[in-house]
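As written, the chain order gives the labels A, B, C and D, with residue 1 at the start of each chain.
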Amino acid sequence: MKALRVVFAATTALCATTAALATDLEVTHWWTSGGEAAAVAEFAKAFDATGNKWVDGAIAGSGGTARPIMISRITGGDPMGATQFNHGRQAEELVEAGLMRDLTDIAEEGNWKEIVFPPSLLDSCTLDGKIYCVPVNIHSPQWLWLNNAAFEDNGLAVPTNWDEFVAAAPKLQEAGIVPLAIGQQPWQTTLAFQTLLTALAGPETYTKVFGDKDADLAAGPELAKVFEAAAIARELSKDSNVQAWNDATNLVITGKAGGQIMGDWAQGEFQVANQVAGTDYTCLPGLGVNEVIQTGGDAFYFPKVDDEATTKAQGELAKVMMSPETQVAFNLKKGSLPVRGDVDLSAANDCMRKGLDILAKGNIIPGTDQLMSADSNQQVNDLFVEFFNNPEMSAEDAQKQFASIISSAD
Amino acid sequence: MAAATGPVRWHRNLSAKIAAIPMITTALVVFIGGTAWTVLYSFTSSKLLPREKFVGLAQYERLWSSSKWLISIENLAIYGVFSLVFSLLIGFMLAALLDQKIRFEDTFRTILLYPFALSFIVTGLAWQWILNPDFGIQHVVRSLGWESFSFDPLYDPDIVIYGILIAGLWQGTGLIMCLMLAGLRGIDEDIWKAAKIDGIPMWKTYIFIVIPMMRGIFITAIVLIASGIIKVYDLVVAQTGGGPGIASEVPAKYVYDAMFLSQNLGQGFAASTMMLLTVIIIVVPWAYLEFGGKRRG
Amino acid sequence: METKHSISIKNLRLSFGALDVLKDLNLDVGRGEFLVLLGSSGCGKSTLLNCIAGLLDVSDGQIFIGERNVTWEEPSKRGIGMVFQSYALYPQMTVAGNLSFGLKNAGLPKPEIEERVNRAAKILQIEPLLSRKPAALSGGQRQRAAIGRALVRDADVFLFDEPLSNLDAKLRADLRVEIKQLHQQLSNTMIYVTHDQIEAMTLADRIAIMRGGQILQLASPNEIYNRPANKYVAEFIGSPTMNFFDGEIVGGDGLRFAVGNHAFPLEGYDFRDGLAVQGPAWFGIRPEHMVTGTKAESARIRLSGQVELVEPLGSDTLARVAVDGRSLWVRMDGQANIRDGDDIVVGFDPARANLFDKSHENRL
Amino acid sequence: MGNVTKTAAEIQLAPARQEMTGPRGPKPGRTLSRRNIMIYGTLIVVSLYYLLPLYVMVVTSLKGMPEIRLGNIFSPPVEITFQPWVKAWAEACTGLNCDGLSRGFFNSVRILIPSVVLSIAIASVNGYALANWRFKGSETFFTILIVGAFIPYQVMIYPIVIMLREVGLYGSLTGLVIVHTIFGMPILTLLFRNYFASVPQELFKAARVDGAGFWGIYFQIMVPMSLPIFVVAMILQVTGIWNDFLFGVIYTKPDLYPMTVQLNNIVNSTQGVKEYNVNMAATILTGLVPLTIYFISGKLFVRGIAAGAVKG
């Protein structure tokens, strides 16, 4: 009897220790495509190496699909261990409601303030001086992707900036090529506009309009120029009848379209189609005019939980995500730029290197997610999707509406 | 002398009342409670989380000044009318065809019903392709030599809602057809014999005799179709995402986008309150007449 | 409560909203009596039966079965058996299953159930059908099985809700006889709802004629036939229906009924409560109380007219005769040799007639 | 003698000859009448319209990605490959877990069975009570329920999160089953109510005289009589619950995620390469369970609704 009790005690103890060592941590995110999943696997691998266990809760489809799930889980009182959000203000209210864990101690311990580059990334994780999230990567949307052959075959030089691209467009059209491919998804049109704004009006104007909500500027002549350009882009893209962004990219790859304004993730499509940067296609960050990078990207938040073991595991994960090795491994797979400047990315390709260079020069602007509430962003989205699809809507009208959105934005 | 009215009455139907507890709970707590909650929070400035920051009618003012919402309503009206009419019409006509004692009825019926089983996440994609002018039907017809042929409903803001209707009918009419077919099977054979002897043309028999006899089926079908119309969301997201531009937005999508993309719960609740209000104005009087009145016989 | 009554209904009222279906209805049914509730559709006869069965909750009043007040009692606790028009056999059970279902619910021991089912089956001669399902039975067999279901309950009271209406004429007549025999054999109380006057006349000890949720007359078939309480009852019983003359009872040398230029002497007419009255009235005479030919010659009242229509029935011949612009039905001998257009004399004895007040239509 | 025989033959033939003057025997041309051509012609054209998307999906699922990029969605595959099917079922990645749809299949079954059983059980009892045991207010609750059928699901997400949290069922299978039961209730209750209302009232009365109570009549009389309508309800619910994504993912945890989560993840990845052939294969695979049920119960389906909705 006594012996039995000892065995019991031993087993219990064993169980307890393993439990303490290996905590299951459920991580929700919307990275589900091949490259993304491979990148996440790097996190998981590193986290599992700490003796804990990564429980994967992947839900595809960022905003519309994954977000209500994440918010429901957190408000439902049964939160996951960690969850992905875009940088910026999406999770602000959850933080304010005290549902998110304060990571300041971990950040201080890891000296994040020094190592995170550009520092604005950490700012968008900060509320009232406390840090609530771990930025993990930088994705920049401001790129123009061009099919070299489409231009060369028609006796044109591959453009090096937006103006040259516009100038070359009529010839492409004559040859039956759609100059500019834009998918129908709303965010793609907004992306195109923001890129035009940054490139043609400059990063300062961008920051003033979206950051300071300068409505006068938004209604002024500088923006008028941008809206004119957007009207041209609309004209150039009127024959691209595709929905998804990658279908649009595919038009560029197959030479049915000359170019596309899209984020750095478009590179994946070119690589899969065995296209070589520089020879088959060209990438122009900031449309070749103002070479800047928007520091949008992804971050992880950690909901507050009662369980001590889970809390501990959350801390481990936060540290792992910020560690140099994981940053390199993750971002190489993801095709994005790391959040710390002190890591070695010798494996990066041409276009990625261009991005790194710009980043190193400090030509960065914050993403609109960081500057405006989701609500205001969505209003901007709605405006541009309407503008790009309704040829009867004049640039002046669009600008007027835009200025009014900016004036009431928060 | 004991009167028949008395304390015994409430437990007379006790089992039925106990059995109806889930229904009563659902009706009161979930539907009424949830609705009240939604209406209450539509007067707040709730963003990501529901919060009691009341702002009066501000959300409604914004709603009704939003061109996206106005287009959504217009689209729902167009889609609703056509979907209801065509679902009933096509469903009934197909059922009438299948009811002609034809061969291979099972095969035809299964073909017409199968879309109901498939998720719209991807069938929307298939339709998107088929209706795409560059590699869908238009492309095929043009490559056959008819160069001026034009069919691109999903890419023309003026008719995009009809493009969605095509796929909507494809998915939904099979079930309605089955309901109608079942109703037709319930009609007494003698009715047909009588009509034949009286020399009444077949279409007249259907319209003036058979359809009035299928009232119950039509009610079930209309409730099914109409509740589907109000909630139409997946179809639009899968096919157009609301585009081109905002030409194919619908109210359910407006609500969803407001709640989860814009993170503006108050706005989403205001929109859904308007939807509910419309439904209640239409459905409650009807349901009262249909179900609330005395039923004897 | 006195025990001679098997069923007592006191001040029964039933209303659906503002609509009164049964109005302050009183009825006593004697032990072993066969009572028929007769009326056209919508008169409340089935509703009354459903109230007795406990299938409808009453709005006011009481119902006693035996000595018990069963107003609030469950149907199964009232000691009744019931047979329905559409048989209401449970389609998924065999005949034996149908018969034993109620007994199983009552928790009777198995051997007793078996014994009762077999006994009922024997009485109704449905023993070979016990293992069949209702779908495999003919209409008559189904109704027998349905009666069997009531029978096994050993109830004091049997309720029949138009049990023969769904059967064809021949079967209906056969089963009618069987039900009568069954009543003689079992001698329990039976309440039988029908709209068929032949069923009512042949089966009933007493008939209750209902209209608008009220009982107009409750009496033996004979009484109802010969002395209908009012014009409605008089019209309802008898086929072809009673002939009516619209006129006035006048005094003078003996009472007379004046209609047009005729005046029928009313000697020998049995006034209600023996009280002779005068004034506007209906004069009703049944077709079978009219005579023709040589008998008409000797009748107290003779009218001449012309035959409009002849309906030979074999046993009888019905003729419609036009008299002074009025059509009268006359029942004649089956072999009567008459044709359309024949001139004819019809006669009758006013003592066989019924007089109804013009305003309240009750028998005088 | 010969004469007599001849006459007999003539007599036998005579009536036949008399009939020769008018139409005789079966009406000619029944199989290829204009009417039949119209009926079958219409049905075949309509069937083609219904089959077109399926054709595109099947063809696409059998092509390799390079062939799909060429862009003719209607052309049959040059080189048939089943790899997309294998991938969709067993290899496609959902985040870290690369075991395709097979991962969620068992979860879907685990969600499906109790949800279908409970929702049908409750809705059928509701319908039965509404048709045969009305009580004061029962029709009012039913009207509320019917209005509830029109509420967009999305609106109810947060209120239900709060309700489930308050009763402590949030995140559990039980909670999800209750949610499915609630949202299936309006239409199913309508269906059952109409069906039970069409069952002859006398049967119900006979059973009451026989001493069966509320549950006795339900289980022993009504349910055995109503198998077809239960099949109908089952088909509606199986389709709805099997294809549900939103509830499954909001009200449970990853270890309970249904197959549609994998389907969504395969199909809805926003960044990265879209493998259309795998998407199509995954969709067809996901649809197989409800489709199988349609095939098996097709006839009952029609018969069941017939019995249920004839009377309003």
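By definition in this document, contacts are C-beta pairs under 8 Å (C-beta built on N, C-alpha and C of every residue); 3 or more make two chains touch, one makes a residue touch a chain.
As the structure is a computational prediction, the values presented were derived from the model and not from experiment.
Sorting all chain pairs by how many C-beta pairs they have in contact places B-D at the top. Ranked by distance of CA centroids from chain B, the top chain is C. The geometric centre of chain B is 54 Å away from that of chain C, both derived from CA atoms. Between the CA-based centres of chain A and chain C the separation comes to 89 Å, rounded to the whole angstrom.
Centre-to-centre spacing of chain B and chain D amounts to 16 Å, using the average Cα coordinate of each chain. Each of the following residues of chain D touches two or more other chains: 71, 154, 158, 162, 213, 264, 267-268. Among the residues of chain B, those in touch with two or more other chains are 134, 256, 259-260. Shared interface positions of chain C, defined as residues touching 2 or more other chains, are absent. Residue ranges on chain A touching chain B, taken from their complex, read 63-64, 67-68, 71, 75, 90-94, 97, 184-186, 241-243, 373-375, 377-379, 382, 385-390. Every residue of chain C that touches chain D in the complex is listed here, in rising order: 50, 53-55, 74-77, 80-82, 84-92, 101-102, 105-106, 146, 149, 161. By the touch criterion given at the top, residues 47-49, 67-68, 128, 132-134, 152, 155, 157, 237, 240-247, 256-264, 267 of chain B touch chain A in their complex. Those residues of chain D whose C-beta lies close enough to touch chain A in the complex are 69, 71, 93-98, 154, 157-158, 161-162, 164-165, 170-171, 249-251, 253-255, 257, 261, 264-274. Contact residues of chain D toward chain B in the complex are 39-40, 42-43, 46-47, 49-54, 56-57, 60, 71-74, 122, 125-126, 128-130, 133-135, 138-156, 158-160, 162-163, 181-182, 185-187, 189-191, 194, 197-198, 213-215, 239, 243, 245, 260, 263-264, 267-268, 276, 279-280, 282-284, 286-287, 290-291, 294-295, 298-299, 301-312.
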